[in-house]
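These are the structures, in structure tokens.
Each of the two complexes below includes chain A, the first together with chain B, the second together with chain C.
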Partner chain A sequence: MQITLTPHDTLAVLAITGSIDSLNADELTQRFAQAMDQGHVRLVADFSLVNYTSSAGLRSLLGAVKSCRLAGGDLRVAAVQPQVNRVLEIAGFTSILNIYPDVRHAVESFTEAA
Partner chain B sequence: MSRIECLAEPAHLPVLLALVTELCRREHLDDTTCHDLQLIVEEACVNVMHHAYPAGQAGPLALEARLVQDGDPRRVVLTLEDQGRPFDPLSVAPADTAAPAEARAPGGLGVHLIRRLSHRQHYQRHPRLGNVFTIEKDLVPPATH
Partner chain C sequence: MTRAAPTQGPAVTLVIGSGSVKCAAAIGVVKALADAGIGIERVVGCSGGALFAAAVAMGFDAATMADITVRTWTREVTSKRNHLGFLRLLAPRLFGFRPDSFGLRDDAPMLAAFRAVFGQQRVEDTPIPLHITATDFLNGELVDITRGDLVEAIRASASLPLAFAPVKLGDRLLIDGYMSDPLPVSVAMKNGGRVIVAVGFESPYQNNIRSAGRFAAQLSAILANNLLKSRLAFQSAAHHSEMILILPEFKQRVGLFDTAKVPYLIEEGEQAALQQLPYLHALLDAERERREPVAA
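This part shows the complex of A and B:
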């Protein structure tokens, strides 16, 4: 798994590549926390290149979305691939996460709310 | 039939997953089935790694993956064995997948995924083998799953 953090004016985009599993989910959690430490409570997770997530990745997402919302922001997820989306649906995450078809729409959703 | 025996430590997860990948390749299973089998194996093995043995005292974990051709339907049978404390993973309270984010507890998701991505699960405490957790995934799922 690789993660690239790109700060924008009022939000940050985390582009994630590869599989999120039990061995690397802590790294994702740390990167979410790092972004929040830098003052970003509006986060977009770009999932366009994520081909797998286990429950470890779901727990990381859950922790991050709770933290962002408590701080007045949100974690929004973009471009979820079908295999991963199926896992999100089974876990009931499609009802708690704001999911967008691509990064642009996710980023604009924050702009519209501002 | 393929079988791996190792210590129940996260570092061995890639080897355990490779067993399933190899089965999928050998039997030409479709991508979705292979994905689901990987996820099932990760969740089941990680449960053993985290909960079966005292911290720092990992014991044995065996994973067997086999394709059952006889009978109906054709299916993959995964069997995990460990010598840890008696623990039925199916006794874990089901994750509340309808709760809002702030009310979500982080636990129970792994077993929930196993239940939903496979067709039959069975736990037995065996006098010699210890915890035996068997998971079956049909290769032609019924229309109403």
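This part shows the complex of A and C:
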């Protein structure tokens, strides 16, 4: 898994590549935490290159969403691939996550809300 | 039959959810795991999945399990009407409606089919530890059956509401396991399962609803699918280790008794499992290193 953080004006985009599972979920959790430590409570997770997520990956996402929302922001997910969306959907996560077709829409959603 | 020593080498806890004949996909999952040298240290089954979980716990190979499916999951096994049940439905006061015996189908052929496969086998004596789940009719609780007659346990787990009468086991009246959790990962978690492979199925929605039966089936599917998702959401958040979901997607429509599609179902299950094997191997390697740290 690779993670690239790109700060924007009022938010940050984390582009994630590869599989999110129990072998690397801690790393993702740390990167979310680092972004928040830098003052980014509005995060977009670019999932366009994520090909798998396990329950460990779901827990990492859940923790980050809770932290962001507690701080007044949100973690929004963009460009989820069908096989990953199926896991999110069957585990009920699509009912609590804000998911957008691409990064642009996810970024704009924060602007619209502001 | 006595229970063997715990599995040596990499092993997972297998959970097979409800899904009628589609649960035959679990045969393909078991085959993929066996071919990859991955053992099963515990198996949990619910409703249709209980039949396959029992077969796995007995150590049957894929060919035997496929044969069992074709022999036991037939329309003939479940199509015999319970005439008294229909009368009790139409005139409950006249014919004495009783919740503990109400069902529109006669379960005798099903019981005979299960008995022909499993004989007098007991749940606690299977070579691989087995858990069969059902639902307490009086309070909705999930019931984890780990002792007693195996056929009765499977029958209780597969007590499709309205079709088959509840089963009295001990002081509980039991109905289909899917009513409390269609994919009971919680049982694996409570029993210490770390790496859990969960094979689950969504209930199909009806295309044409032109009868009360299909109307009821649609309501049941809506409830079951929402329950599946809410339980999985909680279990995903709560599990201390890893749960690998295998959710076979069938391009062909599979009917309740489509045993002709068993080879197709097995193939789809095997392919879905094969996609998870690279990660599963890496995960089990990491688990082994965690348990047996290399000496400095």
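Going forward, the second predicted complex is superposed on the first by the 114 of 114 C-alpha atoms of A that agree within 3 Å, B and C clash if a C-alpha of one lies under 4 Å from a C-alpha of the other, contacts with A are read in each partner's own complex, and residues count from 1 in each chain.
Throughout what follows, a residue touches a chain if its C-beta (ideal position, glycine included) is under 8 Å from a C-beta of that chain, and two chains touch if they have at least 3 such contacts.
These numbers come from a predicted model, not from an experiment.
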Chain C versus chain B on the shared chain A, clash or fit after superposition: clash
First (chain B), second (chain C), both or neither touched by A:55: both
Contacts of A:26 with chain B and chain C, given as first, second, both or neither: neither
First, second, both or neither for A:108, with chain B first and chain C second: neither
Which superposed partner A:65 touches (first chain B, second chain C, both, neither): first
Chain B collision site on chain C, chosen from 99-107, 117-125, 189-197 or 207-215, when both complexes are overlaid on chain A: 189-197
Chain A residues contacted in one complex by chain B, in the other by chain C: 21-23, 52, 54-56, 58-59, 62, 87, 90-92, 95
Chain A-facing residues of chain C, complex: 200, 202, 228-230, 232-233, 235-237, 239, 241-245, 247, 249, 279, 282-283, 286
Chain C contact footprint on chain A (complex, rising order): 19, 21-23, 52, 54-56, 58-59, 62, 86-87, 89-93, 95
Complex contacts: residues of chain A adjacent to chain B: 21-23, 52, 54-56, 58-59, 62-63, 65-66, 69, 83, 87, 90-92, 95-97
Chain B residues within the chain A interface of the complex: 10, 13-14, 31-32, 35, 38-39, 42-43, 46, 95-102, 104, 106, 109-110, 112-113, 116-117
